[in-house]
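Each structure below is given as structure tokens.
Next come two complexes, and both contain chain A; in the first it sits with chain B, in the second with chain C.
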Partner chain A sequence: MTLQQTSTPALGRPAKRRDNKRLWQEMAMIAPAFLLMAIFLITPFLLSFWTAMTNQPLVPRPTPVRFVGLLNFERVFTDPLFWTSLWNVTRFTVWVLPLQCGLAFLTALLLHQKLPIQNLLRGLFFLPAITSMVVVCVIWGTLFQYPSGPLNQIVGFLSGGTIQPIDWLGDPNWAMFSIVLLSAWQAYGFQMIIYLAGLQGIPEELYDAARIDGASALRRFWHVTMPGLRPTHVFVLVITTIQAFKLYTQVAILTQGGPNESTETVVHYMVRAGFEEQKLGYASAVSVILFVIVLLIALLQRKLLRRFDV
Partner chain B sequence: MGNRLLSTIFASAALVATAGFAEAKTVIHVMHQGDPGWVKAYGDVAARFEAANPDVDIEMIYAPHDAYNEKFSAAVMAKQLPDIMELDAPFLANYVWSGYLQAVKPLIDKDLLDDMTDSNIAQGTYPIDKDLYAIGLTDSSVVLYGNKKYLEAIGARIPKSVDDAWTREEFEGYLEKLSKLEGVKWPIDTFRGYGIKTEWITYAYGPLLESAGCDLIDRKTWKASGTLDGEACVKALTMMQDWVKKGWVVPTSSGTNQFYAEGQPAALAMGGHWFYAEASAAMKDNVVVMPLPKIGDKGVSPNGTWIWGISATSENPEIAGKFLSFLLKDKDYREYAKTQSAYPGLKSFAAASPLYAEGGPLAIAFEQASKTAIARPPHPAYPTITSAFMQAVDKIFNGGDAQEALTAAAKKIDEDIEDNAGYPPFDEQQ
Partner chain C sequence: MSDLVLTQPASLAIARGNGKRSLRIVQSLCILIIALVMISPLFMLLIASLKDDRFRILADMGSFRAFWVSDPTLSNYKEIAHFSGELAYGRYLFNSLVILVATVVSGLIVNSMAGFVLAWGSLRGKATLLALVVALYVIPQESIIMPLVVMMSRAGLTDTFAVQILPWVASPLYVFLFYQFFAQLPKELYEAAEMDGASAFRIYRSIYMPLSLPALATVSILMGIESWNQYLWPTLVTQTDYARPIAVAIATFFGQDSIYWDRAMAASVLMMIPVLILYLAFQRWFVSSFVGSAVKG
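Entry: the complex of A and B
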């Protein structure tokens, strides 16, 4: 105690100079990253904010581009389809989050065991995640076919023919759920890998100590594994939510936002406005709004999870 | 080290030199869409043209059908417009208004221009200056296909010409009867399987609505509100919604072949002329071709297809025109088009197409074009018009409220026109 107290003031001045020097070094090291971020993230964002306040068309037109103030935002907010699409991605997120993260967590637990063909299994489970989403969509599109696609045949067989064929992608009540199924299956490998890394990060000594204390496997899971994975859970939840809000590819390929707007998402809505209807200003307004929404959600999630001492 | 640097410079210099040598040929970029068969046909014509004109290099750029207009916009943004582009006729007004296309009359062989049918001239003409901006071998139409066996089973009257097309009462009556007939799962296939975001919706369903007195937009004032969301349109779309509700229409997710698939689950099909090739190959004489039904007082059918234009920025418009003339006269291209039951847009091609001649199985489609065809609104706002309409149709077919969906669509269209200051000089066309 005394030793520390005497040594601190003695080291005080040179330490400060060193801190200063370190600060410069650190700044120099993040400078390239910051420069790239400024060019590829910050500038485009500011530009899109500016574009959102004009009637800029996608391609140059004979009529002049005008500054229209907040007109585009007003139109977005008064378009019922925008609210539908926002509701749809929320629905998608709420469904896909437990499904995808749960699946990832369970497979990670399974693959963390010392199995003889562990690496092969890990590879197999990860396979969907490295398959292109476009390919996955085309394949699942065939599986979903109505009325005699493979999935309907399986359902019919398992239910002994009592369940009528389901129009997976053509029925407004089913379409979003079908997309949830396919998305969770395609992407859970990514979360699984993060969970695996998290599991491997928990020190083996903690388990040994628990074992010596006579903790059962279940108790070891609750009191060692789960607390050890807290930061992983937070990361996985936040990243999955953000990804879920950007839902686009599946919708673009399989349902184009239909049937009856049941799978229209914010990004799909934006692309439709920007590329099909060639209203770049309007699409920019949507992108700015989406950015703010995602930012708010991420902040909120962080705050909530902090409260639970994660 | 110096040596290595030197040799690198030499190598790149040599590369540039050979590249420059290759550039000595005039390169003509041709952007197009199409099924694999058409893509091959175009490629073969390009190869033959190159063989006949060794100083020209034809570079074919394929863009998928469903994303074609978006791809084209990207090319405009990147200032990489092709010399020749294939375009869907209803988008012509938008392209010409935006300044992408040049008038082609002086660039195309005169005998080809004289050979064009009236509807072909119409689809390539810009309504403001009445000049020709695009030319094609073909035009198009939609007819009603019927399964002869089923129609005979319910004792349906089979129309012999456009003038005695089914009325709405007859049509709905037959759908009702067919829905109860053994072996028929769906009375009609309207090709919802093409998807909910394709031009098919506006192209094929628009005429039924127009027949009922509706239209996508008022063609004089260029306003959609009051027309697209008017009573006639709401009634007509509610009628179509009703067909879907009753289970009469093949759903989107069942593909586009239910008319001739095993067991032939669909009894009727409202399909494009090109569908005849597939259906007749599978069903032989069991296919009947009929005119589209008259929903209201008059029959209406669509026209317009993918045609060829030359971009305003082309540096070699003469050569581009020469290639187009070569393409449209090419024998093998025409032969291939025939196997696809292509709808003739040139008189000489029509004469060589027994399908469409008097008494031919598709003669009715040809007759329809001259008697009942109405083009889609030739207005620069067309990309928004069709996109808004597609969205409304999807909503309505899946149980949404017709009035609400059409009001939203009309509002969207009018906003777009307003944003572009009325697309002058279209705002003066009253």
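Entry: the complex of A and C
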């Protein structure tokens, strides 16, 4: 009855006015977010492409800024240090992926059972993830002490004194691996939470059915848990890879890219070019390249997810 | 189910229950030990911050004395808890807190309003805007930072609180998280309220907001951690003590010839406390709201 009444022509006009009012209200609600994103995200993003094709310095000079085309990109691609930094973050990614995701997966599996102190345990395992990277550097800075810091003591004890103390941050062969260790420790908590969420998303009935069929715990893990977590695995691997390619803070604080450029990373290279050498155009070119790398990884994720049909 | 249990001999059922229970306790203990190993570096930090001699801290590090302090003292904290001067860690902490609260509170409002309209609004370009949000999510902070610094310094915002808050309030990720959360609430809610003549903002504020505690908690934790731990951005846009956050201040310990580990440790503990409180306050909703939100995105 009421529905019929609202559609009579006599009531049409107020309804329209109300629609208009609603539209304005919705626009007012959506405006702040999109305005802020337009200013602080879209504008600098578009600017970075423009700046990358100029010779703009960080501090304005009297000489006019010139358009230089792709010269900055050419220079970046012919700088061996850029390739070193790209190689370093690739090395970092290859090491940190199995360590960090493995740790996250393992702790999530342990926490997924119904244990009496589950919440406490979850909180404890998540603690490193809420610790600021700067604080992590203070802690690991002491753990890495050479020659008699805690890590060297542990290595010496486990090897019965056969392995000489390692100069964790000072030895070019070890520096990146040390950064890997502290990074994996700091960040695995987030991936653990994502895995926990993924584990909770697997229907209990599937396990019951497998149990009735007489499947062992190992087979249940392999044929129920693993397939159920496929989208989670893809998601975790991709965000960890993207995170790894943006490696900066721990390197900037602990090693400044050294020793012998063994921990130089793409973002550190960019910040140095932009703010120490004041070559804004050049640094912008690096930032565009970084964006393209991240974009490619994100597209790969989409493709993988589609392929797994999830 | 209850029939099955009843047909079993009572003693057998109890024995089984006991076995399972002790197994669980053993399991819990094992996991607890792993957890303690994982957080032992943090415990060491706390202990070291209570020792007054930086050389002793390093000397103790190599042994079990790293986990024990016989004469705890707060002298390190007293040394750095100033509001002006060289060790104004009280001020840095305060700065970080101001930035955190301002970012999270305004971020919750701005992002949830946008997410709400994207989920339930009647705007014609809704689908396009949503696609834009998803696309913008790919852009990493690091790749917009160069031009952004120049923009901010031209706007005269260097060395202010605003420059550390405004750029990170609206975020594609959080708009999308809110959108996803709102979209999975029943349609009837919106329709019923609309029939009663409630405006869009009213529906958002009085019906959807009270229901979205899990989403608000999750976004608070994520935004809070992100804001608290910002490092690259504030190093580029702060030059004086005025608005310098604690993360940047702690990093300056590493620039010195000989690192004052005692003070660095105390400052680190100070830095951990607020974010720990934030996490403890909201963690109840944290994991559950991740289900289906993060992974499907």
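Note that the second predicted complex is superposed on the first by the 257 of 310 C-alpha atoms of A that agree within 3 Å, B and C clash if a C-alpha of one lies under 4 Å from a C-alpha of the other, contacts with A are read in each partner's own complex, and residues count from 1 in each chain.
We take it that contacts are C-beta pairs under 8 Å (C-beta built on N, C-alpha and C of every residue); 3 or more make two chains touch, one makes a residue touch a chain.
Worth saying up front: this structure is predicted, and the values here are computed from it rather than measured.
Judged by the touch definition given at the top, the superposed model places A:P172 against chain B, while chain C stays out of reach. Looking at the shared chain after the overlay, A:L58 reaches both chain B and chain C.
In the overlay built on the shared chain, the residue A:Q145 is in contact with chain B and with chain C.
Touching more residues of chain A than its counterpart among chain B and chain C is C. Of the two partner chains placed by the overlay, chain B and chain C both lie in contact with A:F275. In the superposition on chain A, contact of A:L81 is made with chain B only, not with chain C. In the superposition on chain A, contact is made by A:G258 with chain B only, not with chain C.
Chain A residues 58, 145, 275 lie at the interface with chain B in one structure and with chain C in the other. Within the complex formed with chain A, the residues of chain C that make contact are 24-25, 27-28, 31-32, 34-36, 38-39, 41-42, 44-45, 48, 57-58, 61-63, 66, 109-111, 113-114, 116-118, 121-123, 129, 136, 138-140, 142-151, 166-172, 175, 199-201, 204, 225, 228-229, 231-232, 236, 247-248, 250-251, 253-254, 259, 261, 264-265, 268, 271-272, 275-276, 279-280, 283, 286-288, 290-292, 294-296. Residues of chain A that touch chain C in their complex: 19, 21-23, 25-30, 32-37, 40-45, 47-48, 51, 58, 107, 110-111, 113-117, 119, 121-135, 137-143, 145, 148-150, 152-153, 185, 193-194, 196-198, 200-201, 231-232, 235, 242, 246, 248-249, 252-254, 267, 270-271, 274-275, 280, 283-284, 287-288, 290-291, 294-295, 298.
Of all the residues in chain B, the ones that touch chain A in their complex are 69-70, 73, 76-77, 97-99, 195-197, 251-255, 383-384, 387-388, 391, 394-395, 397-400, 408, 412, 415-416, 419-421, 423-424.
Chain contact summary for the complex, chain A toward chain B: residues 55, 57-63, 75, 79-81, 144-147, 167-170, 172, 255-262, 272, 275-279.
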